[in-house]
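Presented sequentially are two complexes of subunit A, the first with subunit B as partner and the second with subunit C.
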Partner chain A sequence: MSMVELRNVRKSFGPVDVIHGVDLDVEEGEFVVFVGPSGCGKSTLLRLISGLEVLTDGELSIDGRSMRGISPSARQVAMVFQSYALYPHMTVADNMSFALRMEGVPRRQRRAQVEEIARTLRLEDLLDRKPRELSGGQRQRVAIGRCIVRKPKVFLFDEPLSNLDAELRVQMRVELTNLHRDLGVTSIYVTHDQIEAMTMADRIVVLRDGVIEQVGTPTELYERPGNRFVAGFIGSPKMNFLSGELRELTAAGIGVAIDGQLGDPLRFDCPTDGMQVGDQVSIGIRPEHFVEPDESGARLRTTVGSVEKLGDEAYLYAPDNPAGPLIVRKQGRAAASRAYDDIELGLDAGLCHVFDRNGVAVANGGTTNR
Partner chain B sequence: MAALVERISTYLHERGLRVVDIPIWIGGMLFLLAWASPFLWMVTTSFKYPEDVLTTHIEWIPRRVTIDNFIQVFELPVLRWALNSAVQAIIATFFCVVFGAMAGFALARMRFPGRGAIFMVFLASLMVPTEVSVVPMLLAFVKVGWASTYQALILPMIANVLSLYIFRQFFLSFPQELLDAARMDGANIMRAFWLIAFPLARAPAVAAAVIIFTLNWNNFLWPLLVTFDESMKTLPVGIAQFAPNVGTHTQIEGYAVAMAAITMLSIPSLVVFFLLQKHFISGISQGGIKQ
Partner chain C sequence: MQDEHAAIDQRGHRMKQAEPIEWTGYLFVAFFAVPFLLFNVGPILFGLFVSLTEWNIIGSPDWVGAANYLQALSDPWIHQAFTNVLIYGLLIVPGVVVLGLGAALFVNAGYPLTGIARTLFFAPHVVSATVIGLVWVWLLDTRYGLINVYLGRVGVDPIPWLTSAEWVIFGVSIASVWWDMGLAFVLFLAALQDVPKDLLEAAEMDGANRIKRFWFVTLPLIRPALSMVVTLQLIATLRIFSQVYVMTNGGPAGASASPIHYIYNVAIERYLFGYASAIGVLLFILILVVTLLHRTVLRETV
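Then we have the complex of A and B:
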């Protein structure tokens, strides 16, 4: 049985529809990340699960129980907010035990529970401090501790790392992942940062305009994006999209060529329903997926516009490429290219993606020529 | 001369000022003097002998001083009046702050039908002069037998739109996530208000308290109308007896005693203001600015 089930969940604010019928199952113990650009409805979806917002339509259940009319505190969920939302006038201990106080747990028992959790989060020396006397990372841990004290069935995280600096963010990412492993509590995590999503998630839910675009493991989304949006959103720097044309159509699949491509077309095994030779398509290649060119193979020639060197690797930017702007990652000695160099890039169909005119993925990885 | 200009310019520069600030500063000081001079005259006159009060040349600083005026003030039951004033002002201020915070919170953070209309009605009530409502109110209090009681002094003063407005403005910019967190922790709206929102509203509470306390402490018309016994008078009503009346002996002699009485009357308001000055200024300047 799923821990969290959403069935045709809809949410409108007045005349504005924000969530347009979402179906999702989150399994027990899973770490699911909602990711998407700002305004895609990911935070709203989280707030619907928490009970802070009320569903306009649809069904939501947690641990098999319908959440219709159930208050946020009775849902057995706990939430870490973006600003941590620690009560500034209360000490760390009071912050962490506030929910227990609301439940009517006696003071001594509250203190004991808080101390136990403070030990696991390395907060035991800070229990009598006020939130303003803590660093960003410590505040974050208090916010998490406040959730753990309630022994929830589901943790909800609303962009909890976005207020931290880059270094601390990496550190807290690891801490959160370890904590999830140790506690094993189902977690739903909202972020707009796809690196957080890729590194922390068991499964990622990609949202756009209140609709789920794709659900899958990080590897699935990286290797087999369902459409151009997901392909562009997952991976950094983002995937290159180059215009091309359908050149070959056989019973087994298609052959496409990027505008200005040299050598044979890129061949993919895929369903060919409704396709015709001459159709315009878009070919997606990740910056790290260009290969060494070989004489007869598929390849592209382009001029480097600028170079970003990052030590052992470099990003080459070719904004004037005729089939569409390009970003290429080069490593080792190949990273020595400079601006205005003419370069040749090898293409491996096995690492390319084809999207039709509507942006839907037709093929993810074709016949490799390696 | 050049050296003087040099010194002035260095002086200004060190304080981050410019030459154009000088006339603004002078203008400000003139305004300040205009505002402060009656107060200064009141304080100094309270220490003068009666015959030194109305002189051809104003004595800003008296040549000779006496505390007889203050002693004379105490010949009347001023302590009783002060007690009445204190009871009235403190209780009314307490309720104004509590009710103002509750209403301001509700109007700023809760969604309910007619919310905007209710706020407009409150604001509109500010435009009705007190004089319009005192007579029916007085008749009502007389009818229920509460004339010359603490109830009559306090009850009409326990709610104040100004206090509500100060709190509403504060709670409009109060972080929603704190209230969401309280809800997640199981606090209903009342507990969220009492345990989270209200303890964090110190700045507007101080601002409202200072203003409401001063208004009540100085309130004259209502206590004058509703108190018929000497023992229930408040300080402003009581010391009005010292006011110089045209054509009587008090016109000449009364000023010094009257000023001594008023000087004493103004002390509590000043003390409250100076003690809470820092919070007061941050409270009234807090509108759209989030701390």
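Then we have the complex of A and C:
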């Protein structure tokens, strides 16, 4: 039995439909990340699970119990807010023990529980401070501590790291992952940052316009994106999408060529229903997936527009490439390209993705020609 | 720039001139400063002086030292007026706070028609106290007033709101609360709208019901506004005059008189300006003490 089950969940705000029928199972102990651009409904979905919003339609159950008509505090879920939502007039200890106080737990017992959790979160010296006397990272830990105190079945995180600076964000990411490993509590985490999603998630749920685009492990989403949206959203810098054409059609698969491509077509084993030679396709290649060109192999020729050097690697930008703008990651000595250089990029079908006119992935990784 | 301001004195030393005075700045300040000095600071100092004299506005004041103050301390009318004003404070301040906060909570909850409610709650405040007073004299009329008519329907005998010594302070207070509530309402509403929604949601998830959320989260967060409303209302109430003047003229038998009303009588009707000024100073001291007391109790921190 799943810890959190969503069945055909819908949510409308007045005439505006925000969530259009979502089905999802979150297993016990899993760390699931909802990711998507702003306005995709990921926070709304989280708030539906928390009970702060009420479902317009569908079914939601937590630990096998239907959540229909169950108040947020009775759902055994705890939430970390983007703003931390610490009570500014209360000390750290009072913030952390507020839920226990509402439950009627005696003061001494509250203090003991809070102190125990404060130790694991390295907050024991801060218990008598007010939130405004804490740094961003400390506030974050208090917000998490406040959740842990309640011993919830599910942790909900609503973009908890977005108010922190870049360095602290990386640090907190690791801390949260470790915390999840230690506590083993089912966690649902909302972010628009795909790096957070990739690094922390057991499974990622990619949302767009209130619909789940794809659910899978970070590796699955990276290697086998179901459509152009997911392919473009996961990975940084973004996957390149180059226009191309279907050149070969056999029983076993297809051969496609990027506009302006040199050498053999890129061949993929895949179902070919409804495809015709001459179909326009989009070929996706991640910036890190270009290879050294060889003389007869598939390759692209393009002119570098600008270069970003990051030490041992560099990003080459070719905005005027005829088949579509390109970003290429080069490593080591190959990173020495400069603006206005003409370069040749090798293509390995094994690292390419093909999307049809509707953006649906036809093939993820073809016959490697290396 | 410095060289432009440097001049050479008789012994040939360069000496730095003072920065030129920015007359434009003073001009801007003057728009406030001159009227303030003329109409606030001046009269206060003059009033202090007059309180130590006997003066009927014509002729020059005769110095009498502390005689006015000594007389005031044994004047039964003053005891009555100062007692009355404390009772007004005990009725009007809590009334304004509770009703103003209640109205603000109602509007802030965003029920239907709250837009109209917002206007209605604030409307009395823009009407002059004289109008409010006259309307309430009519509403509170013992025999024909609407209030007694409605009370009569639920079986309450007519209450002599403005004509008996026992009830008159309540009558005037009701009108005052209705008039003053508007400002408190607006201040509370602004404070409530500043309470982050996240905090209330966090409290909801922490298991706090509506009342506990108000008590443990909202109320502490609007404390600065609460403190301000109490301060403003205390001062306004201690200076209560228009309602008293219009509704009862201090009667019956001084039962609704306030210090300002008594000062008005002493000064304008009896031309005892020295004595009136002394009472004014005493009232000032009372307001100062009450405000300081209250500020130490309700410190303006979240």
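Going forward, the second predicted complex is superposed on the first by the 370 of 370 C-alpha atoms of A that agree within 3 Å, B and C clash if a C-alpha of one lies under 4 Å from a C-alpha of the other, contacts with A are read in each partner's own complex, and residues count from 1 in each chain.
The criterion applied here is as follows: a contact is a pair of C-beta atoms (placed from the backbone, for glycine too) under 8 Å apart; a residue touches a chain by one contact, two chains touch by 3 or more.
Since we're looking at a predicted model, the values are computed, not measured.
> Clash or fit: how do subunit B and subunit C relate after the overlay on subunit A?
With subunit A as the common anchor, subunit B and subunit C collide in the superposed model.
> Between subunit B (first) and subunit C (second), which does A:81 come into contact with in this model arrangement: first, second, both, or neither?
Once the two structures are laid over each other on A, A:81 reaches both partners.
> Would you check which partner chain A:103 touches, where first means subunit B only, second means subunit C only, and both and neither mean what they say?
both
> In the overlay, answer first, second, both or neither for which of subunit B and subunit C A:345 touches.
neither
> Does the superposition put A:49 against subunit B (first), subunit C (second), both, or neither?
Neither partner.
> Based on the superposed arrangement, let me know which partner A:142 touches: subunit B (first), subunit C (second), both, or neither?
Once the two structures are laid over each other on A, A:142 reaches no partner at all.
> Taking the superposition on A as described, I'd like to know which of subunit B and subunit C A:72 touches: first, second, both or neither.
Both partners.
> If we overlay the two complexes on their shared chain A, which of subunit B and subunit C does A:266 touch? Say first, second, both or neither.
Touch status of A:266: no partner.
> Looking at A:89 after the superposition, I want to know if it touches subunit B, subunit C, both of them or none. Which is it: first, second, both, neither?
both
> Can you give me the overlap between the subunit B contact set and the subunit C contact set on subunit A?
50, 52, 71-74, 77-79, 81-83, 85-89, 98-99, 102-103, 146, 150
> Which residues of subunit C touch subunit A in the complex?
196, 198-199, 201-208, 212, 216-217, 220-221, 223, 302
> Write out the stretch or stretches of subunit A touching subunit B in their complex.
Subunit A reaches subunit B through residues 50, 52, 71-74, 77-79, 81-83, 85-89, 98-99, 102-103, 146, 150.
> Residues of subunit A touching subunit C in their complex?
50-52, 71-74, 77-79, 81-83, 85-89, 98-99, 102-103, 146, 150
> In their complex, what parts of subunit B are in touch with subunit A?
Interface residues on the subunit B side: 175, 177-178, 180-187, 191, 195-196, 199-200.
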